[in-house]
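Next come two complexes built around subunit A: one with subunit B, the other with subunit C.
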Partner chain A sequence: MSSPALPLIHQALRKSFQRLESSQKVWASVLAECSPLIASVGNLAEQLRALSSLHLPSTPLNVFPDLEDRLRFKLLHAVDTALVRLNEQMCSLQSVRDSFSNQVSAVFQLYEQNRDSLDASTVMERSAMAPSICDMMGWLQDAEHHYRQQFVRRKALLQTLRADELSLLESSPKRWKSLESPSMEENITDALDKVSFFIEE
Partner chain B sequence: MSVRLLPVDPSDQGSQRCRMGPALMSALGLSLGSPLLISFPRGSCLCTAWPRTDLAEGFLQTDLKVSSPSLMSHPPTQLQMDHSKITPVTCSILRCVKTTVIVGSVEFKKRTPSRLIHELVKDMLKGLYVQTTFVVNLEDFDTDIKYVVIEDIKSDSVSGGLITSKTGLEIVGILTARYYNSQLQNQNMVPLGGLEEVSASLKEILQLPLLYPGTLTSLCVTCPRGVLLVGPPGVGKTQLIHKVTGEVGASLVVTRGPEVVGSRPGESEEKLRAVFERARFAAEEGPCVLFLDELDSLCPKRTSSSAPENRLVAQLLTLMDGVDQSDRFLVVGATNRPDSLDPALRRPGRFDREVIIGPPTVQQRKAILTVLCAGMPVCPSVDMAELAQQTTGYVGADLSALCREAAMNAIREDNKYLREQTIGMKHFQEALKVVLPSCLRGSLGRTELSPVSWEQIGGLDEVKFKLRQSVEWPMRYPEAFVRMGLHRPRGVLLYGPPGCAKTTLVRAVASSSHCAFLSVSGADLYSPYVGDSEKALAQLFHQARACAPSILFLDEIDSLISSRSSANGTNSAHTRLLSVLLNEMDGIGLKTVERRGAKVLQAEGVEEGHALEKMDHQEVCNKDVMVIAATNRPECLDSALLRPGRLDHIIYIPPPDQQARLCILKVCTESMPLGPDVCLEELVEKTELYSGADLQNLCKEAALLALQEENLEASALKHRYFVQALSRMRPSLTEQQINSYQKTPR
Partner chain C sequence: ITQSSAKKKCSALTGSARKIKDNAADWHNLLLRWEKLNDEGFKVAGRIVELRLMRSQRDELLLLDSTSAPAGSSSLQTGGPPELQDECCKLKDIVDKMASMVMKMQHLMASQQGVQDLEEFQFRAGGRRLPLFHSWDTKAFGDSSRALLESFTEELKLKQMIQEELAHTWSSDLCMVYMSCWLHQPFIPPDARLTLEALLLETGHRPL
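Presenting the complex of A and B:
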């Protein structure tokens, strides 16, 4: 009754979900590292604005020569460093995304190769221990889409930041925060819960 | 077999999935994630097959991530769908894909390096099935990149394909969403009828600098930058601009005059500058037209006082001067009151060209009606040419109202058989009674006219014949007039003793000649203000010309206009009105704003050509307005008015002779129950010098007498009542009066 390809697919799915679990952890930790960086970008932008609205020669600090330029340089330098480090984090996000999407496309490829031997009822059969193949593939695709979407959004945000546009820099922590989609995260956790028996099998 | 369409699940948004029942999937031979094409009436969309999570049959939820452009702007609204509309497609992996990227704002396009856009788009498109000309909706990514249009795909002989990380991406252009949407909208514009000539000239102005920029610069020619459209309301000025820009592929920035005006000082000028700035932005992407609708409210004549409008006008003038050749946009203004515009605006360099769109002529109306009825189930017996002839003075808006009303009539008549319902001529005839030409709306001369047939007027056969000859023939058989080299008479004067059916005759003429009918009397024209009546009369002629062919009826013309030689003094209102009338009837020409559609070049058809030729004759002959005047004091009229070329036919309407009286009595007693002893001939003998009105009165008196004598239960009129009534009456005419009419007034 059951096709010879079924164990193969199950094996691949199991691997993918294990990968998803680990990716999820890495992804969260990278994002956690990003948040202080982006907060500091916003902070530095505020300092820059304060500096430009202040007239230094009329303050007691006027004894220091070209204090304003030095301060500005320092702040800009700090912004730059933060952005560079953020970009590094983006690279690790990208690697997570790429490895996961490779894994998912491998599952889909395997399914494509064996789809003649798998009839619809097998693909959609659900049991107490394991969800159907179709559901699991759907969840994997959703997760992959989520990673891709998150990455594109965050990258687009970072790439539009420039040192000479203070308002953009200032609002960046808020916008970074708004990019999170808790519902999708929840869906992924749900899916992982649903397949927990299947993985342990 | 059909399935119910449901809106897509939020969690599936942007996944390109199409959820359906597992049985349907296997029936169509689809496996998980295999591509399929769904056709809707407006377009189609490409998606991947997935079973529903609850595995229920009979429902379909599809994500329109990749669909044809028409579906993108108008999502499907139907609820049921047939299985046959779903077709599996085979897709291979694409090697290369050519795209146009649609972004949200101009700033994003300017600031973002193309490398980054390339990277982002590539990330977003990964894993999608696409087809040529389809649009990918990327709004779920929440970036400034809104859509991607697939221009071309390189694959092996299949129409669709899958984009993977190995697919090469080529971006051929980046457009803003506003520009793209305006182009999409232009594609599904309805055609316009009867404005071919004007739209061709407008198109030329728009296209020339775009197609041959080199030629123009080498000739040192500066292209026109402004066009002013002038025409009465409802002729389609705004629609024309929308259509022309759509055909040329230009984007359109529309500003309606009142939108710009703000309450704070300086606000309006600021808004106006912003509008020009917007046009300049749009012009960077391609040709652009800045359309200022209702220009007269934006730019009225400047007055000497420092009104706020003056500043707005000055701002518009400077902005129009500030448009330099490098800004590739054209300013088009539209107005129906060109005289109230500031004259400084109408010089070359600002609005270089003025395009006048007059009320449509017969041929144009035919074209408009054909376009309007193209989508309606019109009965084949409806003759558009006939309908066009009956709708003199109707503009495009009126005609579309007419068609709508006719369709409504058809629905009201019988909504049971709606599917087979067709719109017939009778529905149009009904609608013609409800929808009146807007040229005549608010005109003081518009008259509701209950049709009178020639048969309802007794006697006067010779007069009737003359009237038909001078009014009905030129309107109905213009080709014969052209053949004989005849000119249509400009005016007809009817004179004769009172009560002899002059007015009724005019009504009969109007109803038999199928043309617009305006009637005016002294009371309409008089006004306590100097110059007001003259203006009203000139306005009346203007309106009559706008809906030519038309008949203008001046009843009791002697009270309106008396002779200049009479004792009233030379400068009275009467003489001024007379001079206006003389000028309007025989003036030197038309005002330019009254110009109407010129002849369109026509193909050499055989039968069609003949019909067109016939209509052409009609156009030639019916350029003017026919004036019909009636009076019973012809000696009071000025001789200048009576010369040939003005009121050239002068028709005397005599008091009825014996035979005519018999006819009149027969007509009057037609609806009365006459007793067998009534002898109309005897009555005719006794009613010498009675006018038509007197005879009608006689019949009425006799009938009342009968009711009085027989206590409201009379069933027949006896002869003695007529005799009795006759004995109480006096004829209203006298021998002497009739003799005074015998000498001709001219």
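Presenting the complex of A and C:
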């Protein structure tokens, strides 16, 4: 006997995976916008490092007495601009995370409300067209966790960056790259593949 | 080009206002061209540094090589001086073009000064009572032009020095500082763009 709540839950799951699909696209495009910015932060840090390691009065540039201050000002200004733009991108990640979270918690709430009418076999049952409710909810939860973790880690990295901490700025592109988690991305892609028939139903 | 098309569009303007408005358009065009030349120059300068570093690495190899096999070293010379010379000529061309742009800026400044002198003659010490455009007095146009001219004159000197020194620089840190000077133009303050926009806004090139 299938529960009357089943179509409702299926509908909510379908909506969540559609949201996951679109979230993935936005997420990837935001990160793609971030990579040249973070690269430029690293690059500017290198330029600042070169400037600090030189004694300009003993180079041909000594005819420009205020050059060092002026160049440093311009470089720091450019670092600031890049950091501001990165932080703007973080806001986009945050809104993806939040809207996806809301979607997932709606599914879980719906499930909680109807759990008495759903027996274990219904929740575990899978068919050629649809994975089990249990699996699908698990995948959604994993994806949500992934977004949360990624957002917090990237945001935390950016918050440690300060224009006067050269070594942190210099290592930032590497650390940014190390936050990538291809296995989690793969899991999400897999999950989306598995629900592709279910979504279209 | 902009000057003539501007003339067609607002043929009502004459005298000082006409001259000042045309000058503002010229400033705009010069700054755009400068940016373009700066980008081109940055690419050329980048290649010079690359060739320079390649050469110094090769020289080190040669030095090691010459102790063991002094005869076979001439084959390593390819891709060296002629290519470097080529890029240096290109950079020189670009800096020369920038120099001629600064000359044009000086002309603009001189003509601006001329307008101001004329107004002082026409209206005595108090200057004209009503502004030519929206709110600026005639002197303000001169002040903006002077600020821009001073920045670009100094920047040109820096560029000329970089162009002369770049291919003779061994230190990679110094090369990087030259490159970063070229790109970030330390003598052009961040508000230069704002100064120009204010000029364009006041003269009516940009809608209020």
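Note that the second predicted complex is superposed on the first by the 200 of 201 C-alpha atoms of A that agree within 3 Å, B and C clash if a C-alpha of one lies under 4 Å from a C-alpha of the other, contacts with A are read in each partner's own complex, and residues count from 1 in each chain.
One rule holds for everything that comes next: a contact is a pair of C-beta atoms (placed from the backbone, for glycine too) under 8 Å apart; a residue touches a chain by one contact, two chains touch by 3 or more.
On a predicted model such as this, the values are computed, not experimentally measured, just so you know.
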Touching partner for A:Q159 - first (subunit B), second (subunit C), both, neither: first
Partner chain in contact with A:R115 - subunit B first, subunit C second, else both or neither: first
First (subunit B), second (subunit C), both or neither touched by A:N187: first
First (subunit B), second (subunit C), both or neither touched by A:L6: neither
Between subunit B and subunit C, more extensive residue contact with subunit A: B
Which of subunit B and subunit C A:Q47 touches, first, second, both or neither: second
First (subunit B), second (subunit C), both or neither touched by A:Q141: first
Residues of subunit C touching subunit A in the complex: 154, 157-158, 161, 165, 171-174, 176-177, 179-181, 184-187, 190
Complex contact set, residues of subunit B against subunit A: 11, 14-15, 22, 25-26, 31-33, 50-51, 53, 55, 108, 111-112, 116, 119-120, 123-124, 126-127, 140-145, 164
Touch list for subunit A against partner subunit C, complex: 46-47, 50-51, 53-54, 56, 59-61, 63-64, 67, 70-71, 73-75, 77-78
Complex contact set, residues of subunit A against subunit B: 101, 105, 108, 111, 115, 118-120, 123-124, 133-135, 137-138, 141-142, 144-145, 148-149, 151-153, 155-156, 159-160, 179, 187
